[in-house]
Amino acid sequence: MVNPIYIIAILLGSAFLIGLFQKKEKGLAGILSVLALAFAVFVSVSWFIHFTSGQQEVLQIFTGGARPPFAINLQMGLEESLFTMVINVLGLLGFIYLYRDFREEGIKGSVIFLVLMMAMNVLIMTRDIFNIFVFLEVASIATAGLLYLKKDFRSSAAGFKYLIAVGVISSFLLIGIGFFYLHSGTLNIDTYLQSNPTAVKGISMAIFLILIAIILELKPFPANGWALDVYQAAHPGISAMISSGTATASIYLLYKLLPLSSNDWTPYLIAIGLITFVGSNILGIAQKNGNRLLGYSSIGQIGFMLTILGLAPRLGEHFHFIFLSIFISHFLAKAGLFWISGIVQKQNIKEWSVLRKNSLLLFMFGFFILTLIGFPPFPSFYGKWQLIMELAQQRFFILIVAILAGSFFEGLYLFRWFGKVMKGEEEKENSLVIKWEKILPPVLFTIFAVIASYFLNNASEYGHSLNLIPIYFIILLFLLDFLPAWIKNSLVITAMVIYSVRLYPLIADDSLRLIFAGIFMLGGILTLFAGYSIKGKRAGFFPFAVMMYAGLMGLIEAENLFQFFFSWELMTLGSYILILRGKKSLIHAFNYMLFSLGGAYLIFIGIALSYFGHHSMDLNILSSSTMPGWSYSLLAIGFLTKTAALGLHIWLPGAHAEAESDVSPMVSGILLKGGVFGLILLFLLMGAEQSEQHTLLYVLGWLGALTALVGNLLAVFQEDAKRLLAYSSVGNLGYILFALAFMTNVGWLTALTYSINHFLFKTLLFLAIGGVVMRVKTHKMYEMGGLIKQMPWSFIAVLIGIITLAGIPPLAGYAGKWLFYNAVITKGWYFQGALVFFSGTIAFLYCFKLIYSIFLGQPKDKFRKVKEVPIWYIIPQAVLIIGIMIFSARPDLILKPLGNMLAQSNYFPTDPLSWENVTASTNLGYWSGYKIMLVIGVMFVILLLWLMLMSRKAQKIKQFNIVYAGERPFKPETTHFSHNMFSHYYKALGFLSLPLATGFWNGVNSVTHQVADSTRRIYTGNGQTYIIHILIYILIVYMLMF
Amino acid sequence: MNIFLKILFVLLGLFIVLNWGLIMSGIIRKIIARVGMRRGIKVYQPYINLIKNYSLRSQLTHGVMFYLGPVFRLSGGVGIFLFMPLIYGSEYWSNFSFTGDLILIAYFMFFGMLGMALGAGEGGHPYSGIGVARGLAQFTAVEVPFTLAIIALAIQYKTLSISEIVAAQQGGIMHWTLFTNPLATIAAMLSFLGAMGHSPFNVVMAPQENPIGPPTEYHGTFLGVLQTNRAILHVVEAVLYMNLFFGGAGNWGVLILKSFLIYFWAVFVGMVFPRFRVDQSIPWLLKIPLVSGILAIVLLMIK
Amino acid sequence: MKYLGLEYITVIAGFLLLIVGLWGIISQKNIIKMIISFSIIDTSIHLLLVAIGFIRNRTAPIIDSSVDKLKAADQITDPLPQALVLTAIVIGIGITGLMLTYALKLYRQNKSLEINQYKSLKW
Amino acid sequence: MSDKQQNQEDKFLAPENRKHTVIGPEGEEIHVDPLNDYFCQDLPKVEAPYKGILEKFLNWARAESLWVLAFGTGCGSIELPPLFSPRFDAYRFGVAMRPTPRQSGVLIISGYLSVKTLKRVIRSYEQMQNPKYVIALGSCTINGGMYWDSYNTINRLDQYLPVDIYIAGYMPRPESILSGFNKLKERIKNGDAEGANDYAEKLDWYKANQKKIIKDWNMPSYNW
Amino acid sequence: MKEIIDHLKKRFPVYEIGEGPNGVILMSVEAAKLVPMLTSLKTNHGYGILVILSAVDWLEDCKFQLTYIINNPDEKRDLGIRVFIKREDAEMESIHSLWEHAATFQREIKEMFGINFPGSPRVDEPFLLEGWDNLPPMRRDFDTKQYSEDTYFPRPGRETNDPAEYMKQKLYPDE
């Protein structure tokens, strides 16, 4: 093994050597630097391999030929090798990234860079306190020197502020070191620790100064204005070094120095970290500048790591895993993002949409953003999960809330950024100049992150239980993205069929899961069929579609809460990107993500609360939660964000309406059932009929009823066809929630019937309307009209869809209504029930508006030649119609086994529904779908034949041959009665549809932004203010501590 | 029972109901005329109108759905008839009520409405759309008190089967829902006003300002079908209310008398009150009828 | 304590200077004055460090003819703080130099030495 | 159609009825000829009556159920509402008002007809279904009445529509109108009131007369 | 009143000043000066209302007369201003910029007399007549009786009497 001292020697040596070079030898200088850095990487990697392959013995390096008290010693252990390795890899890649910029500057850059790298290596390895001071200063000088190279006066100002601030901080460090020496007589950490630290008096002040100085180097909120300016001003390549490199060194330094203190720093570290995490993430919300935003995020992440450091004693054996996963995510993602920022060279995040020009860069950008936020299967997800669960086990619920709040705010601004990159306004004139050395480092870091994910997944406590096949398939799809869409579509459909076949035996005897699996898989396959109509590559669609379906299937398959949450997040992520693909869906996808994120974190907390006191992650720990009220409520609210209950519904209409034609049915007909499945799972585990959560269920019941009312009422007043359907989904999900809250056999049967029906008709309607919208290229219903002649198939599909939706016999919707009445009366929730039935009748209004405005009335000139929707839309529609017909004629085929399942299992033992052939009956009433269908069918045919006989000679006339008081219609646009069709209804009941929820969330939004915007004004930009912040910070921590 | 015999009785019942519907509307028109000190139409005038409409020589059609609209409408009317038990205790006159209960009828009413709305919609006339929009809007409010009344009945009789509800009301006039549950009856009978579409709830048709509402474009045979349906539907709806609130009927005579009186209630109110706009009728229906429906349920819950 | 020892004077002076320096760095708007204040802080810390290593009645830790090499450990003051001071001075000079370079660059770019003028990066 | 006539039609063609091109959703050009695309171009056919007793029965039914289109063309329309008042009570004769021509069988021309009104009257008449009847009130419809020399009021209605019954008077009282209804019933029962078939048969003649004075017809020949 | 007339006399070439029924002051002015005069009357003298704009066909003089009656609501006084324009290709400056509703009057006059008002809104659209392609019917050289006879199929055998003569004969046959 090469002695690690050579890292320092080589780096420093080459720096000096290069210093001797002339300017024109800069090429040579570059090669020499790369070689030196590569050597450093080699040494640290070899040591890391050495230690990971079982070696435990720590290498002590003695310089100056003397033992520690008399000379400085370095140490190389597992931790040191790991950290030097990541820093050296970062250094090597960072240098390659900066290579061209350095060449322009001559040799200076390389020299300073090598010195910086050397300083960071020493900081990690050294065991001498004064050495720490020296090399911290060296690192600062090198950083300032690198800043100096940029010819921008803002960068110079930032550099000066940085120097002043770091100077003051290091002064305190030096004073601390001085007094440390005065009291302990040594400067060596190990020596001090081996002596009896507690016996030494007066030393606590010295250690306080040392530690607070190191903490200040880590830029705690709010004493961090100087650092933010640096992040913003510096060359992104250098910012990457500061954010990932220097911060890594500093945090390891803190880790190393913490044992010095006899005081318990943990609460202070936790507090400092959390304040930094939450505070700087809140301030990030108001940021528009990309680099500065990354700075805020960086600081937030470091704060998070500080918290974890503070929690180290409590986390025990899990500490290393948690810390590592968070650290590695931050390290890779932040460096990668800064590097991408350097390629983009845009300040305002709005202008980042230029990234879309390069799909690789776009992919990496998304990858890093998601890594930062901690979505599965990215590394930090595992760490966060572990951390929250450990905290829950130790009842640190406040901490959980704070951490998740911080993560939420971080997710907020990162997703907004992501959205703007994906869908923001196109930059015309700018094109991306991409050089190989700029793109190589982020690519490598992406690969590292994938590898890290793999290892962390294996290392995590529950990771091995995950089913990773879909993930591999997603990765495969990413690699195959260059293929034409139809090949990929076939591939995905085949895969889903195979997966369904594989899955079937596993859940065959669980009707509940079987039904939802059927909805997810069958629905998925059907909606994917529509995708055949799209030509070209459809880049980036299929991986995320599969991701969504994988998530949904994961929910079904989940055996423990970790799998469940993993799948939940996967589904959210996939669907978010699918929604984001729509043309105008930027803000809607963002809203969706915010609510989903918030909901997911509530679920997270709920799971954590339930986990308390248990030792396994089994699903059924929910049934024995120690604080059932809290955990069930949180879980329910979390699921309700996905099912868009009243108050949490505002994301849904836009998201569903603006998504692509074949994505709308996916997210509406299918995805929403994910939330329903969550609720069902929760309610099942809550303990069925013996449930003691009466209040919760009662509230949920009312919530469901009100959601149904408001959703349907709002749908009535829509002019946008897809938005109308989306609001209708809100209403229908309200029914389902209401029926679920009954917690009775019939209630659940109702809910399941509704789920099946909603899947059938809403997928059908969204496919049909989506096809129409695709053809006519507008969402506005009043712009369409009279399309029945051009699109008879779509008309039939919509007709069947709305008859089912409205619950008119003989189609399947009536099954739901009938069960509903029985359930309501059995349960005794009469008024809620009446409200729900009222909303059911309101559904007629929008059903009529939908079919009338689009297919009937006056055809418009523009659409005289539109064609019927593609066959690929009609096939799934036909299948769904057949499904509806079968379910209508023989509801017993599905409802009977379901009822039996609900009755025979322990869920709901009383089964009031009995079947006699095809007739269902309860104590209250009876109903025979088959016979009704027969009677109505026969009657209808007879009457039709009769009328046809009577008016067989009828003259066919055209659109303007209508009675018009002796006049003729002016033009189709003014003759089509559609816009604001229900204005009279608005006059009567419009007060129920006031946008209170939107107003509330807008208020929350503006308050948050106001807080963020006014708080960030503490960073006045004046260097002296920053110094004052630092001094006050020290003072406050001191006063709190002593 | 033999299915053919059943069908025979169903057709016979349909015939009786259709004729009674036509005659009833003639009688009602006659009464209205006499109240207005007029001689009024001939009692058999509805028959003449029907014959005339069926015998028009030319017909127009706007398209398939225009054609299907009246079929849907008539299917709706006949369907409700088919699912309705007519005479209490008679297996012959209970039609196909074994296929479904009260809820089936309540929801099957929409079948005809929807078909009519679509047929009128294909006519392409804006007034049709306006009429349908008004009609549907008003109907949502009509349904609320009716739903509450149904729930009240279901609580009271612990069944949703119409036959059983009728059975529970046998044994004297004081057993009628009218007296055992007056509040529910009030709610239902007030919503009946809205369902019948007489003044003050006739803005849907609005014969003066929107020529005749949804059926603006319908004529000849189509109109004949609609009139046939109307004759059947008025009787059948009255029979529904009769079964639910007025003790049902033990024979055809009682059925005819009761259905006439119930239908006359709507006509009577219509004679006295002027027309509501939709935005007035909805709040009205959501005041007294709604409150009495809620009170009916509350009282039952307290018991 | 009969009289104030040199080390105490040094320590007190050091702290006073530290406060003066911090005050200067906060209150002076001129960049050069801020750099001077920083130097004062630097100096104050050097003073403190030297004071820490001072042991009364001993000589400087320079091994020359005036010190018995064998008893050096008992005659000289603690050499380590002094070594630290030397290093710190070097680093301090480095930083001060860099600061002055920055000041020069800022002045060249913006013709101003007021720290208030450099607030374009904020919030 | 001669060139001159063609030119004249073009001159009075309403802007919204001119041929125009719109851009469809896929960017394709769609040529719209409103008269052809919005309106049915077919002409009415003569609908032969049934024979014998059936036709007699149907005619009786038609005669006993006269649905009048509520369309007042001139000052005579003020005489129509009293018809349905208790004093005259036209309902007892099976007469009723309908607001839509589709459902009405009788068109009452109640007074003078300016060219502008005539256009609407013809359109409404054509929208009624066979069989249909026209009753004309007052001297204005017979020979122009006091407007006999006006530049924009027609003189003889029967040149433009097949009139079944003229009721003289200026204006006729409700009693005379009732009597007119009875006369119409007689005509119908006798099978003489075949105005609709007459109109279909002699459509060219009627149309020529109509188009002579109504120059901006702006519709296909027959308004279904 | 006199002041206004004096004032107008000073500024505009008015002539034929006289008094009409109900105390309306009538005066004539050259067509070219009409609009400035109306503007002045409207802005300076409070004649804010255009009561009517009508035309007379002086066939014999080959002239059209346009009469603008304007009203001063404060003084409750009307002022009538006559303008004579030549009959061939008759054209007059539009005053719709002073009074928006003048456009309607002008549209009517355009249709009935054929006097053009360039720039007046919708002046070419039919006002009362649809599809009229003959002489403007209110021109005196348009023979309405002849037109009616040519166009509207007069019923043969119709007798036309002078109402005064006829009634006299019928009621007082002796005299």
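Chains here go by letter, A, B, C, D and E, matching the order in which they are written, and residues are numbered from 1 within each.
Note that contacts are C-beta pairs under 8 Å (C-beta built on N, C-alpha and C of every residue); 3 or more make two chains touch, one makes a residue touch a chain.
Everything numeric in this text was worked out from a predicted model, so none of it was measured.
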Joint neighbours of subunit E and subunit C, given as chain labels: none
Chains most often in contact, by C-beta pairs: A-B
Geometric centre distance via CA averages, subunit B-subunit A, whole Å: 54
Mean-CA-position distance for subunit E and subunit D (Å): 37
Sites on subunit B at which at least two other chains make contact: 58-60, 211, 216-217, 220
Shared-contact residues (touching 2 or more other chains) in subunit E: none
Multi-partner residues of subunit D (at least 2 other chains): 100, 102, 119, 224
Set of all touching chain pairs, with the criterion as stated earlier: A-B, A-C, A-D, B-D, D-E
Footprint of subunit C on subunit A - complex, ascending: 130, 133-134, 137-138, 140-141, 144-145, 148, 153-154, 156-161, 163-164, 167-168, 171, 174-175, 177-179, 181-182, 187, 225, 228-229, 232-233, 286, 1016-1017, 1019-1024, 1027-1028, 1031
Parts of subunit D lying in touch with subunit E, wherever the complex brings them together: 8, 11-12, 115-116, 119, 142-144, 148-156, 159, 209, 212-217
Subunit A residues touching subunit D - in the complex, by the definition given at the top: 775-778, 861-866, 955-961, 963, 965-972
Contact set on subunit D toward subunit B in their complex: 44-45, 47, 49, 58, 61-62, 64-65, 86, 89, 91-92, 94, 98-100, 102-103, 105, 129-131, 196, 224
Residue numbers on subunit B that touch subunit A, as the complex places them: 54, 58-65, 67-68, 70-72, 74-75, 78-79, 82-83, 96, 98-104, 107-108, 110-111, 113-114, 117-118, 121-127, 129-130, 132-134, 136-137, 139-141, 143-144, 147-148, 150-151, 154-155, 158-161, 211, 216-217, 220-222, 224-225, 277-280, 282-283, 293-294, 297, 301
